[in-house]
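Shared chain: chain A. Partners: chain B in the first complex, chain C in the second.
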Partner chain A sequence: MGILQKAAKILFVCVHLMLLSGCWDRTEVNDLALIVGLGIDQKKDGKIMLTVQLVVPKSIGGGGQMGGGGGGGGETIVRSGTGATVADAISNLQEKLSRRVFWGHTKVVVFGERAAKAGIRQHLDFLSRNPQTRLRSNVLVSKGTAKSVLELLPPIEQSSAEVMRELSESQLLLRVTIKDALQMLSGDAGAAALPMVKILPPEKGKKELQTIAFIQRTAIFKKDKMIGDIDDKLTRGVLWLRNEIKLANITVRLKGEKGNITSTLIRAHTEFIPKYGKGKWKMIVKATAEDDILLNGTKLDLLNPKHTKMIEKELENETDKRIRAALKKVQKELKADIFGFAEIFHRKYPREWNRVKNRWEEIFPTVEVVVKTKVYVRRPGMNTAPQGLPEQEVKQ
Partner chain B sequence: MIEKGKISATQMGIMMYLTIIATAILLVPAITARQAKQDMWLSPFWASFIGFLTVYIAVQLHQLYPQKNLIEYSEDILGKFLGKAVGLIFLFFYLHVSGIIIREYGEFIVGSFLLHTPLVFVMGTIILVCSFAVRCGLEVIGRLAEMIVPVVIIMILILLILLIPDMEVANMFPIMEKGMMPSLKGAVIPQGWFTEFFLIAFLLPYVADRNKAKKWGMISVVAVMLTLSFVNIAVLFVLGELTAGFIYPAMSAVRYISIAGFLEHIEAIVAALWVAGVFLKIAVFYYALVLGTAQWLNLSDYRPIIFPVGFLLLLFSIWSASNLMELTHFLGSSSPFYRISIQMGIPLILLFIAKWRKRASNSNQGKYQG
Partner chain C sequence: MFFLKKVKKKVKKQQEQNQKQQNQNQQQQGFLSNNLDQNLQELQNIYQNCMDVVFRQFQIGGKTKAALIYIDGLANIEETDASVLAPLMKESDVRVNGEQQSIDMGIDVNHILEQKLTVSKIKKVRTITECIEYISGGSPVLLIDKQIEGFALGLSKWEKRSIEEPVGESVIRGPREGFTESLGTNLALLRRKMRSPQLKMKSMKIGEYTQTEVVISYIEGIAEQTLLQEVETRLNRIKVDGILETSYIEEYIEDNPYSPFPQVLNTERPDVVVASLLEGRVAILQDGTPFALIVPVSFYSLLQSTEDYYQRSLISTVTRWLRYLFLLISLLLPSLYVAILTFHQEMIPTTLLVTIAASRELVPFPALVEALIMEIVFEALREAGVRLPKQAGAAVSIVGALVIGQAAVQAGIVSAPLIMVVSLTGIASFTIPRYTAGIALRMLRFPMILLAGTLGLLGIMLGLLMILTHMAALRSFGVPYLSPLAPMQGREMKDVLVRAPWWKLNTRPSLTDNIQRQGPNQKPNPDYGNDKTSKGKGGSL
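Now for the complex of A and B:
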């Protein structure tokens, strides 16, 4: 009997071992189409064209870089599907793919200009509802169609989606994830800003597709529809106003001096002080920056505190100019609150703000913005006096 | 007594902590955010009052009838017929609520991870595992809790720390924009979770160090309150106004974590937390249900009815809602009143009657009191 019981126990364990072997609906990696980039375009008839960029796993594993020489024989392929909605387009796309689409690795989502102008909310809804996609994917708008951007075969990175992800994460210009985009759209301001990419013209002798798309502009949205775009210079001003500036080189000329001085940003912070009185909304923007000198084209000795003061003053003026230019374009012309002033007022003056929240679109352009900039130059870099200049010519 | 095992008061507190937060942590932030908006972190504070009250009632009843649990002393208090009726209400209530908990578990697993696995299978397996735990008795469940809870707390802390880079403190302001009301309204639903503390009425007779039971019950309520508050704050800081739009905001927030470009996609930790927590939660409910049923039917052992009740639980979990929308609607609308009225209303009435009876019998006989 003891043996029988033992045998029964062993059998019981063995049955469980069989269950452990795997999931009944497992999907092997070689049955999946790993999507790294997703492009959404709107066609003339209103239909949605979905373009996906897939990794070809073969060439990532071994092989090495064979480049785009074979014309589409690179590490990625691009396929499109059309439908009434994004989700609808997926089923159309799936028909053309031998593997099941998998969204877990989607790094970038690109909206074509036309789709952006028609409204992006329903597309973002899909991306946030789908359990596979990630809220951290970067969202961009492309000049022209999204398909044209995803089709590119970049010389350095594995895919054009990877290029756009790297560029987004460098935070040189705007960086927006799906979560950020949803927050902007559902926020008080009713406006959003997304980075906009443009195709870099290919170098001489290279094929048409052997280039990248780079973030160069910023698309401005009111509600979920794109209403305009601004260039990189204005975008830097916008970044100051959103307290998102991370990298910036500013070049100034000093009065009475020949040559330029360029400084690089080490740390920056923008503080917003909302004020309300007698029906007037006012925002004090205090931008503070710490800089190092990167290049000295003048004859000034930078160890002299007087010179440092002069440079600081000039840098402050330049920053101020950038911020004001962005304000003029975005606040006065496009009238879209992409700086999130609405939230700031809401937080400080909830009662007063609630009274005007339905008219915010009219009020925003009339908000008085006072810009105060303060720049501290901390270090002259590795050198003191201007290099390559005889000592007697240096201005102490 | 049917149950011969003993647990310590600490084990009881730990067990209740996990039992409450297991489901609360994922579902409550969104439900609270719908009402309380940016004040959602305050709501657990208000809701915890009912937790303290529930623990107090259970402990008071226990002191009047130290050797008995709810099913037994309700007969002593209300007489045979009414007492049995109250017992039946509780048993049906726990059957229904356990079914809902199992359904919540199934919906989460199927909705986020095993999209194509049949719901019945997911729910059936957890019931099977829980029934093994229940068969082993209260001591085993208590020790399980001691083992799981530290891991759960450490995991929650790690996740909260990893979320720090994505937090935006400004999402919290303006605090109490529309006064206290939104946060109080947001507290109504978490109250339902806090009333689940009444489960200790089934555990108290088996606690070895009785004098500490009340203390540990209260500590457990505080711990649950703080955990829920911290999770709500973290979710609010990361997702802001979007919180109310998600079904499992904590899960969505964790999916957003990305540290240095490689520490990401760690939502599996949330799934592990949830499975471990829900396993214990179902085991505790299941245990109370089975034990209560056995006592109600005057059986000498509760083990024979574990599997039959398990099948009933599976049925109730399927019957409880036809889809996830219905389930969340029930949780977000009528469930708090349902749960509060049974887990706090009835015990409160029982307590009043018991006190009154004791006083009456004391003045009649003038003898000792239990």
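Now for the complex of A and C:
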């Protein structure tokens, strides 16, 4: 048999094998409803209401100009469906959509306050079980319903989901992905913290929906149920305790000096040293920060190491205050171990921890936490002496 | 009686005819006779109905008959007139071998050769076949009565193209001369670049009717003897009526005739040939075409441009990597586009996906069909651009740009991102310096698109594996096609992954045992003249 016939036969078989598969999961982009934001609410009757924000690829139009702006991105619309579970709600939602829902581009998952209080585990289970959704999606809780947040039409970004993603990524406050949330919930501590968004009141003259939702608080979860929330200041304290702080501007006043000094965080690191003895649990938190000076409202010359020492001291006190405030609220009042102390103790004292692991909820509020802060002021910025001040008045 | 006589006559006639035929046959195969008329008759029979063959009869010194046979247009008539006809016809001093003049003995040939014919290249011919060979080759043949030898005069001259810059392999820096259709010129170009007598040129003829001259060129001492023998064996195998281009030869001597990948390199540039010879390769040149063949080659040498060796090494290295990148793009970009848009929509950034989806909103075809249409249109445009005369070519490119560029998008037949993909692919395929390699990859793009449209990224991986397996199994004159990467030859990496500076390229590819190509310590040393540092440094080849 000639090689040509052989090749022809092989080709024949290959082509038919390819056709046999029938492109079973082949889909055109234009048959997909691209979901960028997902909101999960619980109704009063206990039913789940699913709200999706999807991108409508705006057609540039046949015969129109295609040159210019290109794309145009697309606007977003919001649709909802209800059901006993999330999966149930999706089939309800699909009835109202001409295109197949596609989760591959979901950027944020927002839980309504009520749904969060009722428990989020089953929803997270769906999100991690579905092959299309991404574990890297950001998870948030909204003050009010998730739908009200997704419905917003932000003036800058293309969609409110995009706004929330950007805000999460900025890591100004907490940032939690589905994967993080699942890890927190399945960890020893049995508590979780999720960023919480609130609708920014629209500017005067703007329509009600022309605004954004911004991350302002942190929702505290015990097991999978939300038990309370804390504001942005306390959240920063929590970030120190979770070793997640990335951005922080701290303003202090020095004794005997007029004016403020503001410093900005360059690097920060928190170290946890667990101690156990005589039935007492103790945690030493060592927070170290390196700062730059942003603003100097005093008359001090920052090149003088004495002055910087003073500033460092003051910054340490301020940081310490923030951390303690967070501890007080979270540890003593809410009693939720969102710092992950349980894991740290478990690692260091596995046997002792095992004895108390069932009572951890009771023990956590009694853990003695020692906070040690150390701040280094590295650079005074572009200027050393206070600016706009006659040289005689500068305190060397 | 009468009847008998008739029979006798017939028999006699037959016998005579037989004898004549036999005579003729003998003469055709055999030697020239000493009768000029008979020889001329013979040649005229052979060149029957060949109006371009000229038989010029004249007398030397008014006594001895002679004839000049040549092909009009192949012989240099002015030269022939001046240096052959004029001195011979004006000849009065026709001496015979000794003192005595005798008609039977003819004239003194040596005298004519030594003193009369002012032609530098003269070959003696003894047979009719030889005569034909020279006449057809353009050399006039001089036949003299009473002589059993003719003289082929090296006075051929025909119209040929002058040496021009090769269009297919232009360079910014480097020699600008290219081969022409004349084998003699081409060989001269090679010899000009390499003066060593080690440069050998073996001649042979291929083609029963075309009798095309083919030359195998190599450097003795560098090219492996086995390789040379292999080339000769493969060339000797060719039995065909005619060859018009080296591509004929290429197809007869390839290792795998069904592979899309070229296993023989063709070039118009003498410098490429010489460089290849220096690496231990063998070149095959053919009369009538400016393209020379080089064997063996590897895939990587097809991806290397002449200019890689003429630009500075750092720049060449970057260019090479750019080329490798665009090689992948030209093979994979359309299929990746199709696969991602039909199977893996989650793999591209949301904004990009939305933009693509928006532009595809009014397109009636699936991405696979759309991509196939546009790729085929592009190939057609390219082909039309190559074939058309220059003036019309501009029109084609304008129409092409407008039709596939803007109008198709506006008409809603294809989407704008796909135009981007197609044009990027087109540009990418032109970054491959060797046309044959580029076209192979361009053709492989189509099965890849089909695979991507049916099996997604999995299909692309399958296709790539198949191509890779095929390439790994491919040989060019016994040399693995993917060498020196597979099998790995660490020493040769410096001319594949990078283009090391010349002073570091001190070895030849392992095609040959004669591996060393330069002396030690060739790295430029600016302190060379300085006593301290020059001690023991610097070498000579």
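Assume the second predicted complex is superposed on the first by the 357 of 396 C-alpha atoms of A that agree within 3 Å, B and C clash if a C-alpha of one lies under 4 Å from a C-alpha of the other, contacts with A are read in each partner's own complex, and residues count from 1 in each chain.
We adopt the following convention: a residue touches a chain if its C-beta (ideal position, glycine included) is under 8 Å from a C-beta of that chain, and two chains touch if they have at least 3 such contacts.
Here the structure is a predicted model, which means the values were calculated and not measured.
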Just checking: does A:Asp25 make contact with chain B only, chain C only, both, or neither of them? Give me first, second, both or neither. both
Check whether A:Arg134 is in contact with chain B, with chain C, with both or with neither, and answer first, second, both or neither. both
Per the contact definition in the header, classify A:Gly104: touching chain B only (first), chain C only (second), both, or neither. both
Applying the document's definition of touch, where does A:Val55 land relative to chain B and chain C: first, second, both, or neither? second
Using the superposition on chain A described above, determine whether A:Ile3 touches chain B (first), chain C (second), both, or neither. second
After superposition on the shared chain, which partner residues are touched by A:Val36: those of chain B (first), chain C (second), both, or neither? second
Going by the contact rule set out at the top, does A:Gly259 touch chain B (first), chain C (second), both, or neither? neither
Of the two partners chain B and chain C, more of chain A gets touched by chain C
Common interface residues of chain A with chain B and chain C? 23, 25, 104, 134
Which positions of chain A touch chain B when the two form their complex? 23-25, 104, 128, 131, 134-136, 169, 179, 182-183, 186-187, 343, 346-348, 350
In the complex, go through chain C and note every residue touching chain A. 258, 341-343, 345-346, 350-351, 353-363, 366-367, 406, 409-412, 416, 450-451, 453-456, 459
Would you tell me which residues of chain B are touching chain A in their complex? 111-112, 114-117, 170, 173-174, 177-178, 239-242, 245, 252, 255-256, 258, 261, 264-265
Residues on chain A engaged by chain C in the complex (per definition of touch): 3-4, 7, 18-19, 21, 23, 25-30, 32, 34, 36, 55, 57-64, 66-67, 70-74, 102, 104-105, 107, 132, 134, 158
